[in-house]
Amino acid sequence: MPDRPAPRPRGRQFFANPGPTNIPESVLRAIDRAAVDFNDAEFVETVYHPARAGLKRVLGTSAELFMYTASGHGAWEAGLANLLSPGDTVLIPESGFFSDQWARMAERLGLRLRKLDADWRQGADPAAIEAALKADTAHEIKAVCIVHNETSTGVTLPLPDIRAAIDAARHPALYLADTISSLACMPFEMDAWGIDCAVGGSQKGLMLPTGFSFTGASAKAMAAHKTAKLPRFYLDWTIMMGRGFRSFVGTVPVSLFYGLQESLRLLEEEGKDAVFARHARLAEGVRRCVQTWAGANDGPQFYCVDPGRRSNSVTAVLMPDGHDAEAVRSIALQRSNVSLGGGLGRLGGKVFRIGHMGDLNEPMVLGTLAAVELALRRAGVPHQKGGVDAAMEYYAAS
Amino acid sequence: MPDRPAPRPRGRQFFANPGPTNIPESVLRAIDRAAVDFNDAEFVETVYHPARAGLKRVLGTSAELFMYTASGHGAWEAGLANLLSPGDTVLIPESGFFSDQWARMAERLGLRLRKLDADWRQGADPAAIEAALKADTAHEIKAVCIVHNETSTGVTLPLPDIRAAIDAARHPALYLADTISSLACMPFEMDAWGIDCAVGGSQKGLMLPTGFSFTGASAKAMAAHKTAKLPRFYLDWTIMMGRGFRSFVGTVPVSLFYGLQESLRLLEEEGKDAVFARHARLAEGVRRCVQTWAGANDGPQFYCVDPGRRSNSVTAVLMPDGHDAEAVRSIALQRSNVSLGGGLGRLGGKVFRIGHMGDLNEPMVLGTLAAVELALRRAGVPHQKGGVDAAMEYYAAS
Amino acid sequence: MPDRPAPRPRGRQFFANPGPTNIPESVLRAIDRAAVDFNDAEFVETVYHPARAGLKRVLGTSAELFMYTASGHGAWEAGLANLLSPGDTVLIPESGFFSDQWARMAERLGLRLRKLDADWRQGADPAAIEAALKADTAHEIKAVCIVHNETSTGVTLPLPDIRAAIDAARHPALYLADTISSLACMPFEMDAWGIDCAVGGSQKGLMLPTGFSFTGASAKAMAAHKTAKLPRFYLDWTIMMGRGFRSFVGTVPVSLFYGLQESLRLLEEEGKDAVFARHARLAEGVRRCVQTWAGANDGPQFYCVDPGRRSNSVTAVLMPDGHDAEAVRSIALQRSNVSLGGGLGRLGGKVFRIGHMGDLNEPMVLGTLAAVELALRRAGVPHQKGGVDAAMEYYAAS
Amino acid sequence: MPDRPAPRPRGRQFFANPGPTNIPESVLRAIDRAAVDFNDAEFVETVYHPARAGLKRVLGTSAELFMYTASGHGAWEAGLANLLSPGDTVLIPESGFFSDQWARMAERLGLRLRKLDADWRQGADPAAIEAALKADTAHEIKAVCIVHNETSTGVTLPLPDIRAAIDAARHPALYLADTISSLACMPFEMDAWGIDCAVGGSQKGLMLPTGFSFTGASAKAMAAHKTAKLPRFYLDWTIMMGRGFRSFVGTVPVSLFYGLQESLRLLEEEGKDAVFARHARLAEGVRRCVQTWAGANDGPQFYCVDPGRRSNSVTAVLMPDGHDAEAVRSIALQRSNVSLGGGLGRLGGKVFRIGHMGDLNEPMVLGTLAAVELALRRAGVPHQKGGVDAAMEYYAAS
């Protein structure tokens, strides 16, 4: 029998996980309500469609939007299955655990995978993507799939530069982008950036529980869909097009739509630009703190080695050799009730991740950083003190 | 621009929809909480695994259980995709809208469909299933898919009799049963009834919001899974077997597990047999009422013509010729704030459906029936009065 | 050790208690939020003051309004203590349990009580009040205290007629009216009806939990307050006048103000007149039902013998001789999860009370009445069947 | 028209107010439920009485406990009104704003006040109390009223020492103690400390919304009550003794009892001693921080000059001359969404107060302190940096 986990310290948990994320009280309350008939006109006209329209504004698209009762992985699959046929080739440049997962999915769905290896500590280079596409003179590659913000590594890829790379290669491939952990945290403009299929989920910047995911689909994507032959039903866009909901096969998760309505209200009250500026500023404070801990490079380091690609929604911190990230996480949780993300896949034990997305402010970040600094100390991890001060210094000055 | 729907009358909505259903207050409150890390040992050991184990008890199985962030249609697809290969043949005896949908899904996934036509007003006959299987001497049929409780028609099929039919035909086909609207409302015993794959969802008898669905999988199903070649990733059992969760690809919908924990507590406090007896008794009251309205057969009728198959979780009521079920539903909603189910597919306008599943008691049923009787009167639908009295008479006597 | 009460039947409780009452889901959710500083300008300016202003609209007053963290009894005491001095005389015409309580309170606070006896089954007569005041030629009577709607008996007194009686007697007494169970259920116009002190609470027509109560105070009342010498602090108006809140001594119950904001929104969206019309119509259905049960007067009767005074928010039902109201209540609760009010004081066991106030609609009333009719049957109480039908008949026709 | 307050920054508010306080999510959810009949046996026996018994355990008493739908000021009044008669003398040694308020209340209720002046920065001395009582040879003083923890100043008085002082003076006065902001935060033992009347409220260490308050009453208090002649009804103990609830005149605030049940569960799961130790430790971190800010006494100071009396539930910080505490509070709120307490009465603008009671942990405190340090900087208040570091240092070492 497994050991019963120790009870958590009293007080609110600081949830610095890079997904799911903090859900605002008003969003939770909006979700907490009796079920309604998803066909009820009151729901459909005053909640469902307005929320769906708002989600399109967040995505920056006036194209199609398909929603699923599914997590982000379901939306990944929807993108591939609705756009491609068995044996088609996809180019999935490496960025980290999630690009690997998406690639693994592609193979399992019967696609051919052209991987483009890259160092996880910085992610793929647009020039390499351009080169790979130029080399594909037969245009076998039908789609390029990019994880905008690699939640496993805290690396953000430059989506517009990759669009430019595709264009420079004069390659007709579809451009799929996973905005799961970037949407509503940093700029994402599906239409303006020429993205054919944008994949998102409810449980990150949208500040909702896990429960729905979605894909935007450009006109080019819709054209490709017509001939795409991968089998699908639950996630099928054509079936969805035939419904008034233009989304969902089967029942609609009504509760979450009340929550989405409220989270959109919060986002639009604050304003997209202000939301992004807030994320950038709070993230920079986290970075000042991590930079301080790093000291003369014998402390914890940024996992992401390219300063220009450090994510505004999650920071992955690489442990010094011989120190276990899980020990730090466990102490932060057991002693301070602060929940950090762990290292995924090959990064297990090597990094911990500080999520800083969604419903967040200065004291939430500073309380988290303070607890992490305490956990480093308690775990005997070498680090230069003063990380929290450095973050405060930045916040005071900005 | 569409008309703004009229505001609903004050007072609590009576939600007599056959799914989603009434969610108990304590279940809603359990869901209404901050997100937690789905890998947190406290969640995994004290909430997730106990809830998953409880769900297996509800299904009556000690076999495998796979869960999905998906609606019931996703679980249908999971069953087919994990068990079958392109070109495999499935037998889907007709019962109503949902058997048709499942059949349509099978075809879209690349399976060959052997339909067994049946009158929707009573559903397929085990003898016909036996005959169909006997005729399949080459054992081309790999699976028989049955909707236990046809939510569209209010017809319950006799699963043990169908098991007996398969056995009598000495046919090796897998036996899939959709228990979406029967589970936790009427007896369902996956192992005892020899079901290889039981398909269920959160939003009916489990009294939860739409958000997860699941499939039990027998040892025979797991063996079949090993060679099943339909492409899949998001719903793939093998991937799930490799996770500690033994379910879900990607994030786990943590909120709903707190709700599931509470709904299981409610179900087990009351006791499975008591839950079924309550549903049966409340449903019989509904039937006494409908029987009364029917009068000398010029009023509304049971859609289900076989008294032995009338469902204990939903009653479909067929309108007299020339009367529109939607008018009755609209009046019930607009005047009394009672939400009834409508006719699905070809039954649109012809039937309305009274859901009576989940968190239900005498006054909820009687208030609903009274509002429906008022709506019949207000809509000018011929009917014999006294339906509510007949239900009360039955409740008083039982 | 007391017996553990039996668990309630599943399904939502029908709460036909005449207070506290049904609280709308949206009001409960509004209350369910983190504490805020009651001095925070955001709260004070966007929640507190607008809600207080809305409450004045509900009371029909532009005079002063004082609020208390207290139940209705606290507001009764506030009215007396802020307006009167030790030894002052008050006239409290009898209407039932609550007029008796108010009278008992007056005596305990050191006032002299002039009671005006009346039959509880109809309450005091304005003519008798006029006579009593005329007889008080020395104007010893400083205040007349009337319970607008006697929750214990279901009798509503005609406040404007009593105002006319006071005027006809040319008597200077202050006019205090308890609108606890009438406010937001039936017309109440503090200013237009010449009421000097209106006493209300949160937990009835305002559809909130028990938690605050309040008194409106006319200019005449405020003048009287200046010389009123009963000791008081917690409930003192002068202290309140010195605060920005103009209410509350000590902390402000912030949560309830978020609820009040929402309940006012609901009331004003529907409109006062519509709210009253709804209560009147639903109450009439209850009365048609009770009238039917009464049969040839050997069944349960209206406790209130004056048809013009039967309350639109609560109906007290008198049991036939030899039958115990508590048995009916207990069966309704244990078998049907319907909570009725019991008989108060000398009416214990003799009457049960059906509350029909606040967030209520047809099926809530009909489900309740059906359960009561079942309980009468189950308890072996003689009654004429068909009560629910009579209510339905009325609703259909109106 | 008043200016609309600026919207708060996103992210959860840090509520470092010394009352009301942080309410745990599970307590809020417990309160968020439909109303029930307060006479319902299920409520009375499984919720009400067990919660009341738990509250007595928290108070450390096996004597009587009376509860009120009222705030703390109501319980103060209940204590005085139930124990004393007009013209009785009470000794209320000065400790700060709240001792002054209680004294003001006593006078307004018709009592004679013997004040014992003391410096607010340390509160009254037991020796002075002893002297005052010894001087009262005629035993005119009927009660000594002490505020255990002066929420306005952050000074905790030594209740056992004051008991010893009363005993040393061989004075028969009743001993009333206000434990409003100490209960469930620091040791309080009504019986063991010989307290005759302990006054508490829901909204501090009990982690509930404002809504009920209470007084414990020793046998000596109950004896005194028999002859106490101050008028009272709503708060009268004798009336309460006649009810099964042994508390409340009028309706019972049922919702809060569900919350109390949960807060007691949390407190008893953690254990009283652990709760007190947690408060002491977290408070010491706050003190290390304030001590650092103070620098060479040109920065903010402890308002409480006696280190042994610095409160474990609230710290009042005195601004350097020429700096406005309200500016700091406003910046903390507007920039960081941290809510601090302001200075009360004559301390307005001179102090701000950091509440640290109830549902609290390290990162909540550290995030708060960081925001305050930022606010000092932003407001241009001289202070020595490194306060947060000092708190972290302490937490790491303890």
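Residue numbering begins at 1 within each chain, and the chains themselves are lettered A, B, C and D in the order written.
We adopt the following convention: contacts are C-beta pairs under 8 Å (C-beta built on N, C-alpha and C of every residue); 3 or more make two chains touch, one makes a residue touch a chain.
These numbers come from a predicted model, not from an experiment.
Participant: Taking each chain's centre as the mean of its CA atoms, which one is farthest from the centre of chain A?
Facilitator: Of all the other chains, the one whose centre lies farthest from chain A is C.
Participant: Return the chain pair with more inter-chain C-beta contacts, choosing between B-D and A-B.
Facilitator: When A-B is set beside B-D, the one with more contacts is A-B.
Participant: Distance-wise, how many Å sit between the C-alpha centres of chain A and chain D, to the nearest whole number?
Facilitator: 45
Participant: Roughly how many whole angstrom separate the Cα centroids of chain A and chain C?
Facilitator: Computed value for the inter-centroid distance: 54 Å.
Participant: So, what's the distance in Å between the C-alpha centres of chain D and chain B?
Facilitator: Whole-Å distance between the two chain centres: 54.
Participant: Just the number, please: Cα centre separation of chain A and chain B in whole Å.
Facilitator: Whole-Å distance between the two chain centres: 34.
Participant: Send over the residues of chain D in touch with two or more other chains.
Facilitator: Residues 7, 12, 22, 25, 29, 32-34 of chain D touch two or more partner chains.
Participant: Touching chain D in the complex: which residues of chain C?
Facilitator: Interface residues on chain C, with respect to chain D: 2, 4-5, 7-8, 12-13, 15, 17, 19-23, 28-29, 31-42, 45-46, 68-74, 76-77, 86, 104-105, 108-110, 201, 203, 209-211, 230-234, 236, 248-256, 333, 339, 341-342.
Participant: Which bits of chain A are touching chain C when the two form their complex?
Facilitator: It comes out as residues 25-26, 29-30, 32-34.
Participant: Looking at the complex, which residues from chain D come into contact with chain A?
Facilitator: Contact set of chain D toward chain A: 7, 9-12, 14, 22, 24-25, 32, 266, 269-270, 275, 278, 335-338, 359-368, 370-371, 373-374, 377-378, 385-386, 388-389, 392, 395-396.
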